[in-house]
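So, here's a batch of structures to check.
Shared chain: chain A. Partners: chain B in the first complex, chain C in the second.
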Partner chain A sequence: MKNRSFLLVTPAIAVFSLLFVLPFIYFFLISLWKIKFFKLVRDFNLVNYEKAIFNYIEIFITTYSVSIPVAIITTVIGFYYSYLARFKTGKFGSLMIFIALITLFGGYLMKIYAWKTILGNEGIINSILIYFHIIKEPLSFLLYTKHGLVITFVHFLLPFSILPTYAAMRGVNEIELDSMKDLGAKFYHVHFMLFFQRCRTGVLASFVFCLLITSGDYITPYLIGGKITFIGNMIAPKFGQFFDWPGGSAMSFTMLVISISIILIVSFLFKLTDPK
Partner chain B sequence: MNKYKSGLRRIRNFGLSRRNFNKGLLGTAAAAGLATAGIPGTASAATDITFLGWEGYDAGLFVDSYLADNDINLNTTYIGNNDEIVSKLVSGGVGTIDIVTPYMGYIPMMVAADILQPIDESKVPNLSKIHPFFVNDPNIIVDGVRYGVPFTWGCAPMMYNTKVISSTPESWGDLFKPEYKGKVGMMDDPLGNIMLAAVIATDAEVATSLTKKQLDDAIKYLISLKSIIRLNTPSWGDLADALARGDVVITFSGWETLKKFCVDKGADHIDYVYPKEGTFAWLDTFSIAKDAPNADIDHKLCDMIVDVPAQKMIGDEFIQGITNSDAIAQLGISKDYYPYDDLDGLADRATFFAFPPLEEGSGKTTFNEWLEAYERFKAA
Partner chain C sequence: MIINKSISIIFAILLSFFLISPIFLVVLFAFTDRALATFPINSFSLKWWIEIFNHRQFASCFFNSVIIGLSVAFVSSITGTMAAIGLSKLPTKTASITLAIISIPIMLPPLVLGIALLSFYVSIGMKLGLHTVIISHLLFTQPFVILVVYARMVTFDYSVIDSARDLGASPFKAFITITIPIIQPVVIGAALLAVALSVDDFIITFFTIGAGNTLPTLVFGMMRTSLRPSVNAIGTIILLMTISSSIIALWITRYRG
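Showing the complex of A and B:
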């Protein structure tokens, strides 16, 4: 029986090893090498990590100054969207989830260009405001700024937040909530319990998805961020334009360590809310 | 100084317009269709030619039926920037890739890396029709041997919105006028941006031969642009989009064809000018990779791309600068988008610069130092 179970899981392990673990190890190794005239040289050193940390610290700060708020905002909105779908809208709850998921079929780039159309100088928002004489000049802070980036990221990531939080809420019985209210629990008691304790896994999964996708993105900052540079914008040309795979790998692993650290800190903070 | 002896230009990260993209697709579809049409009734296997270059640069090869008649499949891989050509060739592409389309500034480096093979000029008779402004650029001919066939070119002018800016700007310094703050656009092009910054803000005679201090001055200039620019786009298509939408009204660097991109987007009020400080020019070539599997066919394709039909197509359909004098004379409305009537005068406004040094020791900053310096601009 045990052997049979192992056999069944073997394909998954093989695929995971081949497509994730081995490339992971390879890129970690070359992050310790260097490049000379477009060729990799096996010269083990930590120079790439030193550069990744000290040369790009401001870009890491910019990246996480957007991706952490995006992860928090998206998770909170996703949580309350799921809450409405699970507990407040009855049979229309499934329709809400369907609507959220159907937006995934729209495609990533289409959403970016849609927001460019909405937020631009001659976009929908500015055109309406100017038409009704609310403003005279277009609001330029809407696009090519951090505001525009956050709006676009939140819209794109909402389905990734709603899915895990809604799945977690399905494990919560409505009777539990009614009992809490009958025993005098206030609105915030109920929501604190749901957010930090009963749905913790889903909420954390949502935060992790949003943080990792945002911090690793380089297309959205390029197209929506104007002159804002994310660390992904520096990593991508390392692998293509500059042919500096060691440098790009070291920057990627540095980003990974920072992201994992943030996730561990958030996870720890959640644990602090456990009842004593 | 001989005006026709020159150096080169920038990395072209441009994204083609939707129109060109569609044409690329049509070209690919045509290739597939023609190749398929050639298969029935023949016992011989088709010849596969591997093409690595900018999207659309292969389109000129389909203006006649040569590929179909000779049962040739053109396997295309489109690049996002010129460096991809080098990186793909050095990482296993030699021996499998036939045609590449580097801009001429890359050619000395690629010859040094031993990833290009010489062009046999006797197999490219249309070289004689290429305008002298382009044909013998010293970057293409290394140690007396030709490594590229120049087929398209352009410069880096300043683009501006004529609805907002009524009098034509004269200087790159106009970018810093208070009324344009936050309305300036640029394209994320490391080599081109440093070259142009060097032209504007340093005393370097050759914008690609910079001392450490001159490079620092160029980067400081670029960093100073950050206070006035609204966006630094990944492609020319996105910059044209921003110009057409009115998100930016003036640009640092540009490309003549952007004017056409904007017209296609319904904005016929975007024009360009070569400011008095000057700018740089660029030239793209058809080159043959080292150990290319089909060198004879590759030479034929190099000849085709500078023949009149292909050149007319590149000029009239893609609105790109062309090099064949006979084709230039036959261009239609697209002739207005480029200063063909005054190519001699162009040399006074736009310069072809050689590529920055690759190895240390010349006392000048190397290309790698440029890339590292450019990251300071990105990070600022």
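Showing the complex of A and C:
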């Protein structure tokens, strides 16, 4: 019986192994190879990692100076949104979740494009403000700046943050919230921390997803970021116009290692704040 | 207390508005007369729609997107449903660990997946085309199908199957006549989510398609050069495909987060 059940999972695991595990092992090996006369040459050295770290350190700093705030802001807003939908808005709550779900499945590129038309000098915000004579000159700090980049990322990632936090909150009911108060969690922050800890897995899932996706994105910086360059903008051309797979692979793995380290630190901090 | 409540409602409305309005604006400006997305809107027109329907690449991109979306949905709903049924019979811990591992591709940046797959296909000598896009999309649609169907399977009442078996049905017959009709709506819902995810994907498609185009890769090419409302028109078509299939899917599966 058990063996038959495993048998049913095999096609899915085959897809996963053949198209994820295998390509990823190969992709990692490439990072140790080199390019000679426009051909991949098998090798074993860490030169590509050295280059990835020392030549691109500033770009890594830019990438994470945007993606860490984005992951925090998105998680905080997503947590608040889920909290409102779960406890504060009654029937409107399920509509809020429905809105989050349909924006989740609709339009990666179109969301970025939408913000480009909203934030631009001749964009929607500026044209409305000028039309109502609130400003005379268009606000130029919106598009091609960090602000615009953060807004676009937060908007795109918010549904991905709402779903796990809301799922975690579904396990907490109002009675439990009230009993936390009654049992002596009188101080507001203790009350909040207890609730927060109950939703820890959801919050962490949101942070992890937002950080990994933001730090690895290159389309949003390309279209919205102006002069701001992410590490992804350096990686992508190495698989297109500049043939440098080993370099791009080493940069990708460096990025993943940095992101995972940040995630480990954050989840450690989470454990520290546990009042239990 | 009442003030507290109304502050909550105001924030709820503002945040919902923040989520939905950019998508609404993309659709709205697909129907305006002017070449720039600015207020006030003087008059509405369908000229951008005529422009894209006459675009020489539009039809082929549209069909590529449809072919990829449907094939991905077909395959991933089969492998995903099988896996979900199998996992639902295993201990919860084994099932959730397997689910977490199979879901790793969703968590990774699409750029990394795209370039890893590209270098893999090229080095094993596979020609790039629609088929490489289809198999690549399985990686991130399959986990969604498994999650949705698994959520249904854990509440599945196996006593119906047992009754059928007691009454003499073979396991196969019981599966065809009982299990399939019961889980069919959820599977269709999951397949529609797979369509939405596949049609929406740009980055992985971009790296694994080779020379062809889909609607998102076409729209990206147009976006780089201009902000004309014809981009909004194609965007509206993509949104129509992804949002309508996900709304139907959510409605069928009654999935609520």
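Keep this in mind: the second predicted complex is superposed on the first by the 247 of 276 C-alpha atoms of A that agree within 3 Å, B and C clash if a C-alpha of one lies under 4 Å from a C-alpha of the other, contacts with A are read in each partner's own complex, and residues count from 1 in each chain.
Everything below uses one rule, namely that contacts are C-beta pairs under 8 Å (C-beta built on N, C-alpha and C of every residue); 3 or more make two chains touch, one makes a residue touch a chain.
Only a predicted model underlies this, so the values are computations on that prediction, with no experimental measurement involved.
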Which of chain B and chain C A:G248 touches, first, second, both or neither: second
First, second, both or neither for A:Y64, with chain B first and chain C second: neither
Touched partner set for A:Y81, first chain B, second chain C, both or neither: second
Which superposed partner A:K39 touches (first chain B, second chain C, both, neither): first
Partner chain(s) touched by A:L223 [first = chain B, second = chain C, both, neither]: both
Partner chain(s) touched by A:G120 [first = chain B, second = chain C, both, neither]: both
Partner contacting more residues of chain A (chain B vs chain C): C
Partner chain(s) touched by A:M234 [first = chain B, second = chain C, both, neither]: first
Touching partner for A:I30 - first (chain B), second (chain C), both, neither: second
Residues of chain A at both interfaces, chain B in one complex, chain C in the other: 116, 120, 122-123, 223
Contacting residues of chain A [partner chain C, same complex]: 1-2, 4-9, 11-13, 15-16, 19-20, 22-24, 26-27, 30, 40, 77, 80-81, 84-85, 88-89, 92, 94-111, 113-118, 120, 122-124, 127-128, 131, 155, 158-159, 162-163, 166-167, 170, 208-209, 212-213, 215-219, 223, 232, 235-236, 239, 245, 248-249, 252, 255-256
List of chain B residues in touch with chain A within their complex: 11, 80-81, 83-84, 86-87, 90, 113, 182, 188, 190, 226, 229-234, 238, 241, 245-247, 358, 371, 375, 378-379
Residues of chain A that touch chain B when the two form their complex: 37-39, 55-56, 58-59, 116, 120-123, 138, 140, 143-144, 222-223, 226-227, 229, 233-234, 237, 240-243
Chain A-facing residues of chain C, complex: 5, 8-9, 11-12, 15-16, 18-20, 22-23, 25-26, 29, 36-40, 78-80, 82-83, 85-87, 89-90, 98, 101-102, 104-105, 107-112, 115-120, 123, 135-136, 138-139, 142, 146, 193, 196-197, 200-203, 207, 216, 219-220, 223-224, 227, 231-232, 235, 238-239, 242-243, 245-247, 250, 255-257
